[in-house]
């Protein structure tokens, strides 16, 4: 059955914003190394960085009808997360849909398929992380669903989960865990700052992390 | 038999130029969604955009002899389109050949193989869409052909066909259809402009395109 | 047995620097078209170009312990070259390790696996050529080795070999052959300069290289 | 946190057996075309066909410790379903583990990674669907989890879900939906039998399915 | 525009049969090494070998409606050749369609997409060469065309061309060239028989083909 | 410089035979998990299993001239190991070359490229492990080398090294280490036999290997 779930819970915007500042690698570590989308998901231009609430789409291959349906569900600060029922590289999304998204406060797209008009999207700074760039258009013939749990690029995403994305890729944070993950990520960042200073001064990780005895125990030989 | 076809028909430069302004995604739609090369064909730098007349090359794997032969056939506004008889990532083309192309008015390269010297090509703004970037050189031992129909990255290209290429990929337009496709592409662009304004004002595609009744007929449930 | 080889021979810095100026494609040609790493090794940002002495790492999949061990062996002008014992896309290296490398004079990383924090690495201009960009972290559980010969992206690299890397990819030059390869590469560059001028003036490669008789002998037909 | 869930619910064996007789393609259709694992999951020998209850494993890359832990949880009629936290082709499973599985009534393995000893597994008819065949061994250093929901080859699998696998690939059926899906699959099979007879007699699908008017409406031209 | 071309010319069945006996590698050589489909096209079971007249299909992604249309055009000795307008791994074809094909004398399928029910197809010896095996079903929503020229797995196929397929892959022979190619292929086979006898007796190719002087000229050193 | 090294050292045939009996997975473990070729190297038919002395070939892309040169260097019990200077899927080797190999006592081929006539090779039981099956022929224009160290599918192979290959893939054993590796492999096999019996009797690996305390130490929770 094909459904559109209209009321979804979202995370407090301050928490979302905080996660975006931490970035993908830090957030992924902070939540125990889970939730990372496959590394083939790449940004269409370098330097984009965001966190946002997921509005999910399960779409048929080469059919973008549900994108139109989903945009009606978008609120300010949301990002579309599109998974397909069968693999496709087609270009589901381009500058007209980006215009519509921006008019409604939508901030980006995560798509396990293709995107087009990337030159326009780059100029208007509408960030997209995708599997492919492809001019191939889509049809509007077959239903899908909006705001159901989807598996996108190997990761399970529920509507309202927080998506963190930057040049390192894309990570999903469960809605109920977002506040806790943010706290851990910020602690991690603070710790890293101190280590960065020591490393910049020429200290070795071998010494900072006290690795030498365990290396010797495991049998590493210096020759 | 290996041949070089010396006289090929080209499309009126004004039509070629017009297609270039429309871009790949619009042209591909306008001609009924045919002629797109595979999405693995990517530009060596972002922002390049052109349309040009194809001078085609069928080359053996890792052998760029026919590129030299083809350049003699290039006129101002032409682009080389190279297909191979067996898959290869080797670097068939670099800055010396680009210098030669530019001296003859050639404007770019589409190659279902590798290219090298991409730093130089980027600085001199010689655009290339390729399957790979690869420093591996080629030999000059085996003949191929110039200006015969070739299948390049999954698309059939005849000499004199119009190549449209930008950040979205590469599309080929049949020579005899170019004027008609341009007219359709320009109409399409005009229509899109009106839609863009409505979408930017916050209207939904669901309403602009009148999609709601058909979604209901198909059985989409809002919950 | 897992070892760290502490004393390796390096090439005269002036030779290394000279190879870097020539670039990958020229050096690869000059040494007889050997030593090229697979074309899937791509820079994390465009425009990086260097030559450096290899400090090699053989690491288990998803385990970056040996990177910490290797950094202690790094001297000014060195580059890390990491191969894995089983394929992995994980992010072995990020901004903290880059800070440590830079503190010791290390100039870059070649990794047949993943890298993360690429936005930071781009800002601080720490160049990396990798198979993947991936936020996935690694563990520190299993030993590997440092400064043994490794096969990285299909090429054999010995510690102290010269790595040349730029937008065209990555090439390795044997330590004992570096001076000879530099001489050949510089000769090649000089020759290319003369050819470039003739090609820019509109002469054809067919004539400059005297290809016409051999093409005719092989049976190429002009029609 | 790493956990082993010891008590999982399983589907009535008669239902599981019924699903196995229907096969992957029929079951996938019957449940509305969901639950299919990626098509890169291939059997190690042709002709295997089964349905079984999933015991799930989330394992680190190149680390098969959790397989040993999971086998203790296996009951007669169970199949292991292994997903990894980072992509790996390593051989997590071979003939010793298959011997252990068979001793406990386990009937197969679905693994989004590699398998080895495939010659032995073929001879003893222990079926495996995998991403790769690879002799590379694994370590036992890092924890994972057993019987938690996992994403395996793009599909979400809960412990106790029914896995259906044959030469067409692998499909997962939710535990709560298994009885209903079986009924639909059996109905589908009955319908297909009637159609098969008519098609074998030379009737056309165009007529059996009444497609001609709709093709004409859409504008298909016979020339 | 979507069309079904109803009257196509076919090659004399005796010629088709002769090409099938020669096999893909011999035919490909005999016609000057052209017409080979990409090497990812693999048979669903080993040992199949045939030649047949092509009935071509250009189909939308994940939509097999045109297969039903095409089967009406099939005559005894024909093979379907399906290309898609956008890449797809979906299973366009299964045992019901194979039953229908066999009822009309169709002998196989070449498909640059997926196939399913491969266990049934293997048992009934209906050979298929495909890009993927995949249980994913397709829809019947969008038109395509039948018996127009298509690019299938990188090769141009016209309706009525001869398809030769075996364990080595798939090759297409132009209809007008089939008789000539058969003659050349048979000559080639006769020549190979003589060479095979000499090689089996222990003579070296170096001597049979007189390669030694040319190797010496090129500079090969024996050490 | 292109060379043919005529005198290479080989391992005692009894040791080679012993390694073949142990198989790839056991040998790979026994020598410390090194020497495995990439997992894309697959046998052309199931069930082949051998060990043999390597005669190595470094060949240009799509050029099999050096195969003819190498066969003269083959003695009874040798296997050809072919690496290319640039990636290629072309079919370097077919039934005529296999006939020649068999006449000289050669027992197989490892090729990081394509092979053809696989139906004939299967019937005459000439085993090949390759990256691709492809009918595309090759030329004889460019020199390579025979019996120099090569990197084949990511592994370094010296002439005279022992190649072990079976359904699990391909592994190389250094000549000087072969006797030692055989001893370790045989010990390993003996140990496995005892474990297999205990596992077949229903004992768990968790108990046989004493894993429970370490799992508890690491923090695994049973719920």
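Here are some notes:
As written, the chains take the letters A, B, C, D, E and F, and residue 1 is the first residue of each chain.
Convention: contacts are C-beta pairs under 8 Å (C-beta built on N, C-alpha and C of every residue); 3 or more make two chains touch, one makes a residue touch a chain.
Because the structure is predicted, anything quoted here is derived from the model rather than measured.
Common neighbours of subunit B and subunit D, by the contact definition above: A, C, E, F. Hopping across touching chains, the smallest step count from subunit B to subunit F is 1.
The copies subunit C and subunit E differ by a rotation of 180 degrees on their C-alpha atoms, rounded to the nearest 5. Work out the mean CA point of subunit A and of subunit D, and you get 28 Å between them. Remark: subunit E and subunit F have CA centroids separated by 31 Å (rounded to whole angstrom). Rounded to a whole number, the gap between the C-alpha centres of subunit A and subunit F is 42 angstrom.
Rounded to whole angstrom, the centroid-to-centroid distance between subunit C and subunit D, based on C-alpha atoms, equals 43 Å. Listed for subunit A are residues 1, 33, 39, 85, 87, 89, 136, each touching two or more other chains. Here the touching chains pair up as A-B, A-C, A-D, A-E, B-C, B-E, B-F, C-D, C-F, D-E, D-F, E-F. Residues 1-6, 45, 65, 68-69, 71-72, 89, 91, 94-97, 99-100, 102-104, 114, 116-119, 122, 132-137, 140, 143 of subunit A are the ones that touch subunit B when the two sit in their complex.
Put simply, subunit C touches subunit D in their complex at residues 60-62, 85-90, 136, 139, 141-142. Interface residues of subunit F, counted against subunit C in their complex, comprise 1, 32-34, 38, 85, 87, 149, 151, 154-156. Residues of subunit A touching subunit C in their complex: 23-25, 28-29, 33, 36, 39, 42, 46-47, 49, 166-169, 171, 192, 195-196, 199-202, 204-206, 209, 211, 215, 218-223.
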